[in-house]
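Just below sit the structures, each encoded as C-alpha cells.
One chain, chain A, appears in both complexes that follow, with chain B as partner in the first and chain C in the second.
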Partner chain A sequence: MTSGPRRPARASRYRAGRTGLGWIAGFTLPALTLYGLLIVVPLVTAFYYGFFHWEGTQRAGFAGLGNYQEVLTRYPLGDEIPVALWHNVLFFVGTMAIQNTVGLGLAVLLYRNPRFKRFFQTVFSLPYLISPLIVGYLWSLLLSPSFGPVNYVLQSVGLDSWARPWLGDPGTALPVLILVNAWQWIGGPMLIFLAALGGIPRELEEAAALDGASSARAFWSVRFPLLRPAVGVITVLTFIGCFNIFDLVYALGGSDGGPGGAMDVLGLLYYRTAFEGGTNAIGESSALAMMIFVLIFGVAIVLERFLRRREVTS
Partner chain B sequence: MTSTLSPAKRRSRPEPARPGPRAAQPGGGLRRAGVQLLLWLYAALAFGPLVLVLIGSFRSNADILRQPVGLPTSLGLENYQRAWETASLGTYFVNSLFVTVASVTLCVTVSAMAAYALSRWRFRGRAVLAALFISGLMIPAKLGLLPVFYMYQSLGLIDSRLGLVLLYAASGIPFSVFVIMGFMRGLPTELEEAARLDGANEGRMFVSIVVPLMRPALAVVTVFQFAPTWNDFFYPLVLMRSDEKYTVPVGLTRFFGEFAADRATLFAGLVIALVPLAIVFALATKHIITGLTAGMSR
Partner chain C sequence: MIGRRCGALAILGTLTLGLVACSPSASEGDSGTTGDGDEVTLEVWGWRQEDVAAYEKIFQLYEDANPGVTVEYVPYKADEYDTILRTGLGDASGPDVAQLRSYGLLQPLVAADSLVPLDDEVDALADFPDSVMDGARGVADGQVYGVPFALQTLHVIYNQAIFDEHGITAPQTWDDMIAAFGTLQSAGVTPLAATVADTWMLPIQHEIFGASTYGGYDYLDQMLAGAAGFTDQPWLDSLTTWQSTSEFWAPQYQGVTYADAQALFTSGQAAMFPGGIWELAVFAQANPDLELGIFNVPPPPGAAVQETLVPGYVDGSFGVSAASPDQEAALDLVRWMAGEEFGQAFTDELRQISAVPGIEPADELLAQALEAHLANPSPYVTYAYFSSDQPTAWDLASEALSDFVLGGATAEEAAGHIQQGVDQWFEPQS
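After this line comes the complex of A and B, so read on.
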C-alpha cells in the first residue's frame, strides 16, 4: 500500500513535519468524518448491537452470544442460513468457472487478433456499467415464460422442449442467475487478462517457439503460469462481489429468493431479517451481519495474503 | 495492493496496435476470420439483449405480446411518455440525477484532498489512516445499514435525499482515495516544489497546481462513482419512504409491479434508466477501460 519501498516521487520528504497540523486536519478530516461516521462506526455499532436482546427498537438486555445462537437455530432462519450460504458458494464457483474460461478466451482472441480491439473491448464490458437491478429486470423480461423473446426464439427454431419458465423453475433458477451475473461482469476479467497478457514479455514465447514448442504448448507452459496473478485478483474481486450480491437476485426472484428460495442468498437473508423481521430483528440481524462480515472480510484478506505470497515466490 | 493507474505504468501497457505473435504468420487468414466470427458472436450476446430492449420500447404492447421478437412498429414515443409521466419515472430520474451528481462531487472533493495529504505530507498516523481508507475496498459496508438507519432516524435523515448523498459519498471514499493515491505516487513533484518556492501555501497549491494535474485520476473516479451511485438500489430501498423522493432503481421496482402486463412501457422505462449510463459510457470509454483495469488490479 503506501508504506512500500521508497519511491522517487517522495523527493519532497525534506518538508517532513513542516506541513501545519491545520492543513493536515483540513485536508483529511472531511473524508475521515464521512467515512468514519457512515461506514466504520455503523459496522462497529452493529457488532455491539448483536450482543443485546431487542424488543422492537428498545434494547432489552445483554444477551452475550444468545443472538448468534438464535440466528443459527431458530426456525426458519437456522435452516435458511446454510442453504443461502451454499447458494453463495455455488454462485461464486459458477461465476469463477465462466469468467476464467470465457473471459480468458475472449482476452486471448483479442490479444492475438487486435483488429477492432477497442470496439470489442467496449462492447464486451458494456453490461458492466448497468445496474444489477436493471440487468435483473431486463433478463426477467427476456426470459419470461410466455412472452419472453428467449422462449419465443427456442420455439420458433423447433426447440419447444427447451422452452421453460427459466426463473420459475427451481432447477434452472440458480444456473440462470449465474449466467446472467457472468454476462454482466465478464468484461472485467477480460480486461485484466488482456492487460496481463500484454505485460508478459514476448521474448519468452519466442524462446519457447525456438525450442520447438507448438503454439498451444507455448501458451499453456509459458504464458498461462504467468497469468496466475491475474487469476488471483479476479478471484478476490469475484468473491467479494458474489457474497455481496443482492440487487440482481432481488430483481430476478424478489426478496424471498425465487421459487422455493432456489436463489436465496445471504444478502437477501440479511435484508429480510433486518427489515422484515420479528421483535428481535435488530439483535438477530446484527449477529447475522457480523457473521457475514467476518466471512467476507476474513476470506478476502486470507485470499489476498495467500495470492500475494504466491506472486512473490512464483 | 498496486495500482496500475500511475502515469508511469500506464505507458508500459500493451499498445493496441501491436500485433499478437501469431498475426503475421502465413495461412492465418482463415483462422483470423474464425476468430473475428467468435468475437462478433460474443458481441451479439453482450449487446443483443440491450438491442432487444431498445426495439421493444418502440413497439406496441399488443404487438409484443403477440410476437415477442420483432421489428419496431412505430417510432413514436408514446411508450416513453407513459413511462416518464404516468409511471413518474421523470420524478425518479430527477432525484437520481441530483443525488448522484451531489454525492459524486462531494466524494471526489474530499477524497482528492485526503489522497493528496496522504501521498505528499509526512505526519504521524499517515500510514494507519491510508490503510483505514483502503481497507474499505474489502468491507461489505451495506451490513452496517441498520445502525445507519437508526442514526438517520434520530437525525431526521430518513426519507431525505441529503441522507443518501452523504451515504454514497462516504461509501465511494475508499475506491477514490485508492485510485488518486496510486496516481499521485507516479506524479513527479517538481511543479509542486516550484510553486512552494514561489511561496504558494498548501491550499493554493492544491487548487491551482495539484488538481489540474490530477485530472485523469479524477475523471476515472468520477465515472466509477457515477455508475454505482446511479445504480444503487439497497440504500434507497431501506431509507426512502415517499414515492416522490425515490431514485430510479427503487422507482423501477414500483414501476415493474404496477405495469407488469405492459411490456412496452417497461422496455421504455429500462431505456430511460439506462440513458445516463450510456451517455457516460460514450463520453468516457477511455477512462472506463483504464479504471476497470485499475480497479481490477487493486
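After this line comes the complex of A and C, so read on.
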C-alpha cells in the first residue's frame, strides 16, 4: 500500500462526484417528478382525505378516525375485511406452493436440458403479455358450465362426475383462481430461478459430485441455499402481487368476489367501497386504502428483512 | 439490494395506483357549452353508448323547434360513468344535462349539491305518479332532481317457438307454470335460463317469482312504516318460492353467468329468461329470428295477494347541472323531456318504456309490459326503497341471495343479513 495509486483514485472520485451530481439530477428529475405526481401525491392525498367526511365529491367536516371506525365496524364491511384478508393469505400460500414451486421445477428442467430452452422460456412467458382481465374472461369462458370446453371434454371422456361449475362453486372458486393466476405468471419465477441457477459456480456442483453427493443432495445442499436471494425476491413480489390482486379476480368473479364471496379479496373490497359506495365513498375508501397500504408495506418490509438474513452467498 | 429497493418501490407503486382512482379531481374534456350570442350548445352526458344514434335523432326534434340550440349526447362507458359524472358535475366544463341513476345511486350527487332541484322548474312533473318520482328524489330533502326517462319492468321472457312446439301457452296459474316447466324439462329443454353467478341479477329474479308471495306495494308500505321487515314470514316465504324454481334452472346453474343465461336463451337451449324488459332489444339483436313473449308469475298457493304482480322501477332521469353556465337553456331542455314529444320519440327510437305519463309504446310487447305493470304494479324493494344509505339492501340482497341459492345460508340467515345491514341506518317513516 503506497500513497501513489491513491491520489488519482481520490481525484477521479472527486471529479465523478462533481459531474455526477448534475448528471444524476438530470437523469432522475423526470422520473422523480413522475413518481412524486403519480405516486407520492395521491398517497398523501388519500391519507388526508381519509380524515374527512365527504358529501359526494364535496369535502365536508373533519372526521378524525371516524372513517376508519366506520370501515372497521359497519356491518357487513367490518366482517368482510378479515374474510377478504384470509382469502389473500390463502391466495399467497397457494401461489407460493403451486406457481413458484412449479416455476422452480421448470427452471431446473430447462437448466439441465438446454435443448429447446429458449422455446420453452418463450412459451411459458407468453401469458405475461396478455392482460389479466383478458385472461380472466378467457378462463371464465373455458370453465363455463353451459358452453365451456373444459366440462365438455370431461363429459366426452366419461368423467361426468368431474364436470362442475368451477367458478360457481364456493369450494372450487379460490383454487381455480390460484391455478389461473399461476398459469399466467409461472414464467416469472421460472426466469428468475433460471438466471439464478446460471449464476451458481459449476465448481461447487462438481465438488459436491466428487464428494459423492447424489443429484438430489447436490440440489438441496448446494444449489438451493444459493437460490435463496432469488427465493426472497420472488416471495416478496408474490406477496405484493397476491395482496394487490384485483383485475383477474374481478374478471373471474365480478366485484362481489364470486359465489358466496369465495374469491373476495382486499382489492375487490376497496373497489366496492370506492366505486359502489355511498355518499361518503371517498372518505371510507381512502381510510380502507391506507389500512391496506400499511398492512402490505409493513409485512413486505418485515418479510424481506427476514429473508435477507437467511441468504447465503457463494 | 436491488430486490429491496424494487420491493419498496413496487409496494408504493402498486398500491397507489388504486388510490389515484379515488381522488376527486377537476373534470376532463372541453367545455360543454359555448355561449356565442344566441347560439347555445348543451352537452347531455349519459351511460348508453349504444344509444348515440337514437339520441341524435331525438334531439334533432328539439333543435328543429329551437333554432340556435345544439344538443350533443356524450356517452361514457356504463361502468365508469358514475365516477366520471361525480367529478364532471362539479365543474362548469362538465355536462349541462346528465343522465342520472335512480334511487340510492342518485343520492351522492344530491348530497354534493351538484344538481338543480326541479320541483318549481318543471311543471309537467306534477303529472308523473309518485312511485315514478321516487326514482328521482333526494332522500334527505324530498326534492326532485331529474325528469324520469324510462321505466323498467320485470318479467319472464319466453321463446314462442319452443312454447308452440311443446303446446305451452303463457301460464295463468302457478300450477300451470310448474306443469309447463316440467313438460319442457322432460323434453330436454332447460325451462329457465336463470343467472346465478352474477349476483346483481338475483334480487331481480326474486322479485319476478316472489312479489305476489310477500305482497308487493302493500307489504312495502308496512316495511317503510316499520311494521314489517325482511325477516318476517311473507318475505321469507317469497325467498323459498323463488328458490323452489331452481330445479328448473340450467344444469350446474351455480356457475351460470348473465352472459351464459342470455346465450342459453337466445340459442334456444332454454325456453325462458327471467329478467328486465330491456332484454327484448338485446335478444332481438343477438337472434333476430327469435319470436318473443312475456308473462308474469301467477301467485303461488299461500301468496299474500292473488293478483299477478308485475315489478317495475325507474331506470333513471335527466337532471340539470348546478354548475352549467347555460342553466336556463338546460332547464328548457329537461322541460321538453317531461313532455309528450320526447316521450314518444324515446319509446319509438330506443324500444323502451317512456316514463312520461300517457305515452304508449308502439312495440306490442312493450305495450303489454306497461299495461300489465300499470294494472298490477309491484316495487323493486331492495333497489328502490332501501338503497339510500350504506350498506344498501340491494348490495346486501345480492350477497345474501347468492349464499341462499348456493346452500350457504338458510332463508332466515339470508333475510337476517339484509335486515341487520339495513337496520344500521333505516328509520321508519312516520
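Please note the rule applied: the second predicted complex is superposed on the first by the 275 of 314 C-alpha atoms of A that agree within 3 Å, B and C clash if a C-alpha of one lies under 4 Å from a C-alpha of the other, contacts with A are read in each partner's own complex, and residues count from 1 in each chain.
The working rule: contacts are C-beta pairs under 8 Å (C-beta built on N, C-alpha and C of every residue); 3 or more make two chains touch, one makes a residue touch a chain.
Remember, it's a predicted structure, so these values are computed and weren't measured experimentally.
> Contacts for A:232 in the overlay, against chain B (first) and chain C (second): which applies, first, second, both or neither?
Second partner only.
> For A:121, decide between first (touching chain B), second (touching chain C), both and neither.
Only chain B is touched by A:121; chain C is not.
> Counting residues of chain A in contact, which comes out ahead: chain B or chain C?
B
> Quick one: classify A:195 as touching chain B (first), chain C (second), both or neither.
A:195 contacts chain B only, not chain C.
> For A:244, is the partner it touches chain B (first), chain C (second), both, or none of the two (neither)?
both
> Can A:62 be said to touch chain B (first), chain C (second), both, or neither?
neither
> Figure out whether A:169 sits in contact with chain B (first) or chain C (second), or with both, or with neither.
The second partner, chain C, only.
> Indicate the residue numbers of chain A shared between its chain B interface and its chain C interface, in ascending order.
Shared contact residues on chain A (touching chain B in one complex, chain C in the other): 38-40, 42-43, 45-46, 49, 57, 147, 151, 233, 237, 240, 244, 246, 267, 270, 274-275, 282, 285-286, 289, 292-293, 296-297, 300-301, 304.
> Would you pull the chain A residues touching chain B in the complex into a rising list?
1-3, 7, 9-13, 15-17, 19-21, 23-24, 26-28, 30-32, 34-35, 37-43, 45-46, 49, 57, 102, 106, 109-118, 120-134, 137-139, 141-142, 147-149, 151-153, 183, 186-189, 191-192, 194-195, 197-199, 202, 205-206, 215, 233-234, 237, 240, 243-244, 246-247, 250-251, 267, 270-271, 274-275, 282, 285-286, 289-290, 292-293, 296-297, 300-301, 304
> If we count contacts the way the header does, which residues on chain C are in touch with chain A in the complex?
By the definition above, chain C touches chain A via 3-4, 6-8, 10-16, 18-24, 82-83, 86-87, 89-90, 104, 107-114, 196-199, 250-257, 260, 263-264, 269, 389-392, 395-396, 398-399, 402-403, 406, 408, 417, 420-421, 424.
> Quick check on the complex: what are the chain A residues that touch chain C?
Residues 38-40, 42-43, 45-46, 49, 55-58, 74-77, 140, 143-147, 151, 163-170, 229, 232-233, 236-237, 240-241, 244, 246, 253-254, 256, 258-261, 267, 270, 272, 274-282, 284-286, 289, 292-293, 296-297, 300-301, 304, 308.
> Quick check: in the complex, which residue numbers of chain B touch chain A?
Of all residues in chain B, those touching chain A are 1, 4, 12-14, 16-23, 32, 35-36, 38-39, 42-43, 45-47, 49-50, 52-53, 56, 64-65, 67-69, 106, 109-111, 113-114, 116-123, 126-127, 129-134, 136, 138-148, 150-151, 166-167, 169-171, 173-174, 177, 181, 184-189, 192-193, 196, 202-203, 206, 227, 230-234, 238, 249, 252-253, 256, 263, 266-267, 270, 273-274, 277, 280-281, 285, 288-289, 292-293, 296-298.
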